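Report on the following structure.
Per-chain numbering from 1; labels A, B, C and D assigned in written order.
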Amino acid sequence: MSKSTEQQFKPNLAVDVAGLKLKNPIMPASGTFGYGEEYSPYLDLNQLGAIVTKGMSLNPKAGNNTPRICETVSGMLNAIGLQNVGVDAFIKDKMAFLANYDTPVIVNFFGNTQEEYGEVAARLDDVPGVAALEMNISCPNVKQGGIVFGTEPQAAAEVISLVRKRTSKPLIVKLTPNVTDIQVMARASEEAGADALSLINTLTGMAVDVKTRKPRIANTIGGLSGPAIRPVAVRLVHQVVQAVKLPVIGIGGITSAVDALEFLIVGAKAVQVGTANFVDPTAMATIIADLEKFCIDDGITDINALIGSLEL
Amino acid sequence: MSKSTEQQFKPNLAVDVAGLKLKNPIMPASGTFGYGEEYSPYLDLNQLGAIVTKGMSLNPKAGNNTPRICETVSGMLNAIGLQNVGVDAFIKDKMAFLANYDTPVIVNFFGNTQEEYGEVAARLDDVPGVAALEMNISCPNVKQGGIVFGTEPQAAAEVISLVRKRTSKPLIVKLTPNVTDIQVMARASEEAGADALSLINTLTGMAVDVKTRKPRIANTIGGLSGPAIRPVAVRLVHQVVQAVKLPVIGIGGITSAVDALEFLIVGAKAVQVGTANFVDPTAMATIIADLEKFCIDDGITDINALIGSLEL
Amino acid sequence: MPDLKTVVLSNQEIAPGYYRMKILAPGYTQLSSPGQFVMLRVQNSLTPLLRRPLGIYRVGFAPADCDTLPPKEFVELIYKVVGSGTEIMRELEVGAPVELLGPLGTGFEFGAAGTEKIMVGGGIGLVPLYMLAQELVKTSAVKLLIGGRTRDDIILASEFERLGVKVEVATEDGSMGTKGLVTKILEQQLDVSKQTEVFACGPMPMLDAVEKICTSREVPLQVSLEALMACGVGACLGCVVKGEGHTSSEPNYLCTCTAGPVFDATNLDWKKTAAIKMAGGGK
Amino acid sequence: MPDLKTVVLSNQEIAPGYYRMKILAPGYTQLSSPGQFVMLRVQNSLTPLLRRPLGIYRVGFAPADCDTLPPKEFVELIYKVVGSGTEIMRELEVGAPVELLGPLGTGFEFGAAGTEKIMVGGGIGLVPLYMLAQELVKTSAVKLLIGGRTRDDIILASEFERLGVKVEVATEDGSMGTKGLVTKILEQQLDVSKQTEVFACGPMPMLDAVEKICTSREVPLQVSLEALMACGVGACLGCVVKGEGHTSSEPNYLCTCTAGPVFDATNLDWKKTAAIKMAGGGK
């Protein structure tokens, strides 16, 4: 193909995730993009494939003590503690702003009990402008002695089934990487009625200040995110894609189009960008532009041809 | 304390791990230091707390296809495939060199079946100069459909009990981080007769070459090591120290004395340095010198006072 | 609050461990107000990963390299080398590429014109007070009380004097100015002053002491706080402090990066704020 | 094989994308033999993490900065910018700190004095052949056949000519020398030569073709290989190639970093070696 013809096509970047039509496969990861508004001075939100909000709970949540974050090698730990305004205030105060954009809004949510999960989902079900729900199952189940829903296939299946009954929106279940066998969790989620899976949430980690002998974050243990975790995330997405038929959204350490492509090639239909937003508020815009460039350079007319193109 | 008196003491760096007396808490991690000889031109092996060898199996093992390694952000993936000369050749050819040093030699080993684990341990049992055994349980159990011994408390307990019967040397069990609940594995190992625990082995990871669409290493999936994984390792060591009474050896992403101190402060009695050896063959010597300096600067006369000094 | 890929214009040591960096920053003279900060990406690399929050010391125009070019609009930072990011900053040469997000945050309210203004600062806590002083001197008498352990910690005093600010110094070892804590001279000042407003920035123990003094005398106080920050724009919720009336059932967390870094002291749950140990950033 | 914390003496572009770097390297003139390599840590940072393997192009002494100082012993590298590490190398200025481990590995055997020597190389594959040529020209007639896609890929030709090496060039597009693959001129040479030994370094497809040609004519061949390396000293077992007679039950893996990078072609399991795709290093 000559240089001139190479430049003549505009590759299709649009993807379909469980019926959601996305302009492109790039969206922010929950908790790293606020309620969208915070980054609107830096980025045209209409450019994004979707907007994913901070995690919502039934009641407002105070979050953890400070310090809540610390930098690690090519990553960061956070223990924000899921601070949020509560689902009702979100619907009242935050959705109005997002209605200004034609980008699908995915609302991330969680609960401390099965019932709370169900109730939040129900309250979001008839909210116009909410395109899909992303269910964070990396939360401790208060009734089950604090065992994380997402680490027990039985507990996960139960809460997902319950939520499934209370929402008609596409339901994305967000998996935690801190398990022995992600394929078991993925299959349990599929059977319980998830429409899509997203992964990974943060790896559990810890850092110590050797001078004060204290943990660097008040909560002692936090979630590790950023480029450091990408190889673990790519591996888990690869394993999940092989275990289930559901569409998968890849997350973990993406900072560039090449990073995003790793996930798409192993089979993710879309990806979320998290920590990289903090480092570069325009990261997602650059990734979208570079994805298009990659397709043009490689003569790929439709990005869907790249998805799952891994050669083993 | 005035500057001059501060300088006058030489802090004690010696630690005791399950009866093993170590000059200091610093030793190499298995598989990153060959059989000791490879790094002897760069480092006085007598300076080290211990020497830990490449993992040994009953028969020589060919290892995986190439490429076997690739660099990742602040880390690397490897799928060497446990290539080794076999335990008999090791005893015959490699121990002679190590006998020149007065540093305790810890032999790392593994098997494909329970019986193989037992047999390797037995053959090492009466070898003079072998101070302790480190049992790598991050290997697939051929008889159990390839499930990794170290991810199943029952499988781990069985193979550890069996090995326990066949060796009188101190038995260090090396745990894999790729589990939902490390405390369960730690307790199972303790009950089955381990004298000490070491962790972490590598996190499972994967990387893709987006141009060729192929995994970067021939084995598709490999082990992630290096500074990127340190927060995960520190967290797991912290959790294990709280779960068992056994001494713990901390491993994962250590490149400096400050990194080593994170593990000691959460309660590791000693640490292993892995990937950092590749980056800087003298890393361990520097870490030992800097640990001493840290103690002097902080007025600590015995490093044991730092171990487990975490303030929560 | 543009996100600029820009360059270093100058970078010099101004006192042992303290550096001054000018960065090309179109728009900053119009956009910046006293007390705001920037998030600086010190190099395009994944270690260190996060941007560093740094107060705006000053904005202005530097002469262009030749007559036919317009002058260069700059932001000036003053930083202390304490860890990996500031180590890298120290090495940056003229022309080095950096990424600059800002101006960010809510700065100082200037208070009533005419009433006496007392600024209290120590170390890099002086940084955000400079632009504040530039404003305050237009309408009011301004004093600056600088505290430090030894004379080496006292920086920027003559810069403030040049603005017409009356500077007093206290050092703990008496090597410069009054011997003792800066709060000692603050109390002396407040004893003789009538209508005063106080503006403080420095280490938490100093702010805590200043708060006690001002509250007991009912003197209005604004403080500029530090917090570990990932985003700087209110998205990560990493940098919060507890606001007035905060309880866990009725949380009132305020983002230091948006509601602050400058707070009216009465808007904070002061006891809990003072208890925060920044545990060093570090790695 | 010292582990040196040392500095860059010079660093220049010699052809589009190709650079030459001199590094202060006490001991190297005595220690290095043709075909060996170094592991270079391009900067003291955790990204990129690993050292980069680079062939030794040349060793020598550079004039000191002043008459009373001894000359500076150096090692010279020639590198092509292909990824993160070489990008950083490109930016290194005189005096930049680097860490240098070497000389490492097993280099070339010089073969029988007097017999004709033919070297075949392309791109940075020429690097290890230079010191080899310096040795070989002492006793034998030496030819160098350089291959490349276009004339831009042909580097270092005049450097070899200055040693007395007879250089022939083949480019795929005919923009320099013979049009076609370098193996074409190798075959022509071997057709007219009697007792010849061949030394080759370059991309795997080229080495594979050279091996077929030499084996069919029973011409001795040494090849210098590349492999992804973590340690460079035989400890990680990351860099292995399959040796002659390798099977999975009787493995014969050879470390490229210690048994190589130069191998007698007959010591390799040639089919399997040629099949290795380096999958790019990259991240």
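Everything below uses one rule, namely that a contact is a pair of C-beta atoms (placed from the backbone, for glycine too) under 8 Å apart; a residue touches a chain by one contact, two chains touch by 3 or more.
Quick caveat, the model's predicted, so the values are computed rather than measured.
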What's the chain with its C-alpha centre farthest out from chain A? D
Chain pair with the higher count of C-beta pairs in contact (B-D, B-C): B-D
Distance from the mean Cα position of chain D to that of chain A, given in whole angstrom: 46
Would you mind pulling out the distance in Å between where the CA atoms of chain B average out and where those of chain D do? 36
Just how far, in Å, is the C-alpha centre of chain D from the one of chain C? 55
For chain A, residues that touch 2 or more chains besides their own: 72-75, 207, 212, 214-215, 227
At least two partner chains per residue is the criterion; list those residues in chain C. 46-47
Pick one for the touching-chains graph, please: line, ring, star, complete, other. complete
Going by the contact rule set out above, which residues of chain B touch chain D in the complex? 31-34, 38-39, 41-42, 54, 60-63, 66-76, 78, 80, 83, 207, 209, 211-212, 214-216, 226-227, 255, 275, 277-282
Chain D partner, complex, touching residues on chain A are 73-74
Per the touch rule, the chain C residues reaching chain B in their complex are 46-47
Contacts from chain A onto chain B in the complex sit at residues 72-75, 77, 151, 178-181, 203-208, 210, 212-215, 220-221, 224, 227-232, 234-235, 238, 253, 258, 261-262, 265-266, 294, 309-312
Which residues of chain C touch chain A in their complex? 1, 3, 41, 46-51, 99, 101, 227-241, 246, 248-249, 251, 253, 276-283
